[in-house]
Amino acid sequence: MSIKEFLHNEKLKEKLSVIIFESDTKAGKAFDVALLVAIFASIVVVIIESMSGWSPLVKTIFTVLEYVFTFFFTMEYLCRLYCARTPRKYALSFYGIVDLVSTLPLYIGWIFGSARYLMIIRTFRLIRVFRVFKLFSFLEEGDLLMKSLVLSARKILVFFLFIVIMTITLGSLMYMVEGHTENTQFTDVPTSIYWAIVTMTTVGYGDIAPITPAGRTLSAIVMLMGYTIMAVPTGIVSAQFIHDNQMRKDEKKTKCPECGCPLPNRSNYCPHCGNEIPLSTWIK
Amino acid sequence: MSIKEFLHNEKLKEKLSVIIFESDTKAGKAFDVALLVAIFASIVVVIIESMSGWSPLVKTIFTVLEYVFTFFFTMEYLCRLYCARTPRKYALSFYGIVDLVSTLPLYIGWIFGSARYLMIIRTFRLIRVFRVFKLFSFLEEGDLLMKSLVLSARKILVFFLFIVIMTITLGSLMYMVEGHTENTQFTDVPTSIYWAIVTMTTVGYGDIAPITPAGRTLSAIVMLMGYTIMAVPTGIVSAQFIHDNQMRKDEKKTKCPECGCPLPNRSNYCPHCGNEIPLSTWIK
Amino acid sequence: MSIKEFLHNEKLKEKLSVIIFESDTKAGKAFDVALLVAIFASIVVVIIESMSGWSPLVKTIFTVLEYVFTFFFTMEYLCRLYCARTPRKYALSFYGIVDLVSTLPLYIGWIFGSARYLMIIRTFRLIRVFRVFKLFSFLEEGDLLMKSLVLSARKILVFFLFIVIMTITLGSLMYMVEGHTENTQFTDVPTSIYWAIVTMTTVGYGDIAPITPAGRTLSAIVMLMGYTIMAVPTGIVSAQFIHDNQMRKDEKKTKCPECGCPLPNRSNYCPHCGNEIPLSTWIK
Amino acid sequence: MSIKEFLHNEKLKEKLSVIIFESDTKAGKAFDVALLVAIFASIVVVIIESMSGWSPLVKTIFTVLEYVFTFFFTMEYLCRLYCARTPRKYALSFYGIVDLVSTLPLYIGWIFGSARYLMIIRTFRLIRVFRVFKLFSFLEEGDLLMKSLVLSARKILVFFLFIVIMTITLGSLMYMVEGHTENTQFTDVPTSIYWAIVTMTTVGYGDIAPITPAGRTLSAIVMLMGYTIMAVPTGIVSAQFIHDNQMRKDEKKTKCPECGCPLPNRSNYCPHCGNEIPLSTWIK
């Protein structure tokens, strides 16, 4: 059949989309599982391929595998585009973008070598696992977490600007204090800022550490500051989570028999329709 | 008496089980304390035995001791099985499994040497200490903590999948950025993923640290991300704990017999419907 | 015109202040944006100037730039003083002080060299970005955060005194334990106190670490303490944030004109006294 | 006058105790300030005395100073005992014990040298600063913090037992995994347990770090566990703090005009005396 026909073969599209997008039919499930396995395998290949000490042969095998996987994923992506009810919508959806992005790296890799490792972005495709195995409650939890984080995003952004200003200032201060002592590790301001971040976040690699008393005093102060500042994002997020818990609890409230609007605990009257609420409602 | 008789000697079983399973009788208490001491001693032996610089003689003593303890614990386990009211139930209980597991390592050790150190798993048996010394309130606290954690387990699992995806991606990114510079420590993707975990959890050994400006910038971003992400599990658990506190407080309140609304402590009248509350309600 | 005239030229002042202090007019906006760019540029210059390997020529350029920027900022500061409605008020405001402080370092630098790097303090001027781009909601969030922190400042101060006492004591203890072993890193009490802070804040550089069993046991205890103590500031701040959330939520609720009890959103009747609420209450 | 007289000279005792124990009179205040200065000075001496590179002369001066201070503090302690209304009560009070303990080290130092550094325990005496300068609100905050911590102490203890068991088990596991590889740092089980603690608390010195893939995988797991477990004490403390806030808020409630007992918000009847509460009470 001609390409034109093919592009408008609704029957075929229908069949395909059931297999590719849904996982309720036997075929659909099989496809999704196969996909997950393929994704996982391709990730493993990228990871172990990076390790040294492989014989040229093995290396070639890995490369071939990478091509195979990429080819497979490219095909899959095209299929999805082909049989999606609204291709644009899919292409712009979170999954759509991840699917596309995880096929490109190899091609980009032809231009700049190590870009190849961006393939690892595929890991994001594993999120599908929830949908495939109907672990919706997990997806939901994830959404709730996301929502909470988004809601406190503004606060956290402000907090970050603050951290950035702090680290720049403290880093430069440290450079002033230790930058000119002999065999110091604070060779320049950027390095000192890096140190400030390493210290404030309590990561503390120790690759850069003060050696003079003054420097140590300053860094002690930085640590104690970081220690307290650490409390802020945690506080923000906790408060948000608790607030959300509250909200959800409210939704579970008893409804008015008249107008079905949620009743504040032990109301005498429905706040919406004024209908008197029998005390019995509150006796369990 | 014949084995058959022995296996059905209910009288003996009864006697034993009182000693072994309960700690109310003098004998029972004594047995439990002895057991705790034995467990503790055996742990100490395993630990110090691992230290270097022991004379062959001492080493032999340690080995002997280990055999003695293991033999003792094996006997004990068999006894428990023998005199348990429902052996299966005991065998599958938390304690039952721990008891079994803590006897096996030495035997497994005959096949692969260092497996012997699994003996350390015995430490879990020390949890008995609460039961033995009737520190039930502690056990209860422990249960409450566990319950809270279990309730937020789903959220935390989702959070972990997220962390895993993040670390894999960021690790590979780092490998791309620093993997090909001279004397880099990011020798391959797994190492870089390990680094990402070390950094995101703010552990920061510093055994692997970036040296190029680009690498440092990236790791600074990773740190700041870890710093914020750190807030999520804490937020989840805090919210859960607070929610539980609320629940327990509400449950504790006595309800008005008339309108079923919770009564403020020692009320004479229901704050809602004015119904008189008999003093008896408050005298327990 | 004479200086005297100039100093009292209200017209000019008016014009200037609109440009310099407000960002609603085209000119005002332009000025503010230019200012932000200048600030940002000057920070970048200070930072990269500190890096080694610049040719003398480049170094000179940087120095010149620094002088240009400083001169510009000095001019700007004087203008602000000149055209501010109440110069004293501006001079003592947060912005006023930051503006002044960020012009001085270069001049101070003439006396002690590296003080020049204090210029970095300019980063604080970037906070203007919120005002310029009308991101007031961010400013507000920031204020709320600040307020919460200030409200829990007393608690945190007490907590700090405690930390200081702890670290001094534990540091000295450590010095007693490890200070006299061979090639120890605990060379004196201050160093040990520094170590205690590094450990308690879980930064853990590892530049100073115990090597004797005794020392390691002690530091293990210090870590576990720090681990728990870490919970305190977080707890304080979280509690504060949650408290504030509550407050704001309660304040937001419209009250019943009759009995003054907070009304659930869009009530037609007060849930408490049944009094009818005019719809107008809910239409803003 | 004879010792007997002296010991019962109530007048003198009265005078002294006003000076030593109170800080409202001019003399009392002076004494307390002098004391604080002395304590601070003695701490500084101990700290800098430990630093190397002092000439013998300076060292002698330090030693003399230490003797002077200790003598002074001993005298002070005896005075306190002498003029305390109930010497026993003072001797067993927190301050009493701290006062005693901070005089002993020098004497103990005669037997084992470095014990001298225990003098540092004096830092605890600085807590007086709050009382002396009437910063009672701070003391109160401190008490509240303490109370909260004590209330959640049981939970935290259970949590610790759990941590101890975990670290012992994971440490031994690590020893099994890496203990027998060449130039490993996991030389024995205690070292590995130390490592487990360093890792779980996210301190991460890096003085002991895994080098084998297996070891790194295990430690990655340990880190992620520590990361989550970290949330528990924070959650406990936060929940406690929030609970306390609630309590204090409740105390602030409106009281019943009849019997003055706290009224649940918007009650129709006093829960205690049944007196009908006019709605006006709730209109502000």
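Observations, loosely collected:
Just so it is clear, A, B, C and D label the chains in written order, and each chain counts residues from 1 on its own.
The rule is simple: contacts are C-beta pairs under 8 Å (C-beta built on N, C-alpha and C of every residue); 3 or more make two chains touch, one makes a residue touch a chain.
Note that this is a predicted model, so its numbers are computed, not measured.
Over half of the residue numbers at the chain B-chain C interface are used by both copies of the sequence. Among the other chains, the CA centroid farthest from that of chain A is the one of D. Between chain A and chain C, the centres computed from C-alpha atoms are 29 Å apart. Separating the centre of chain B from that of chain C, both taken as means of CA atoms, is a distance of 41 Å. Among the residues of chain D, those touching two or more other chains are numbered 190, 202-206, 230, 234, 236, 238, 242.
Residues 202-206, 234, 238, 242 of chain C touch chain B in their complex.
Listed in rising order, the residues of chain C touching chain D in the complex are 154-155, 157-159, 161-162, 164-165, 168-169, 172-173, 175-176, 179-180, 187-190, 193, 199, 202-206, 209, 213, 216-217, 220, 223-224, 226-228, 230-232, 234-236, 238-239, 242-243, 258-261, 272-273. Every residue of chain D that touches chain C in the complex is listed here, in rising order: 43, 46-48, 50-52, 114-115, 117-118, 120-121, 123-124, 126-127, 137-138, 141-142, 144-145, 148-149, 156, 160, 163, 190-191, 194, 197-198, 201-207, 230, 233-234, 236-238, 240-242, 244-245, 266, 279, 282-284.
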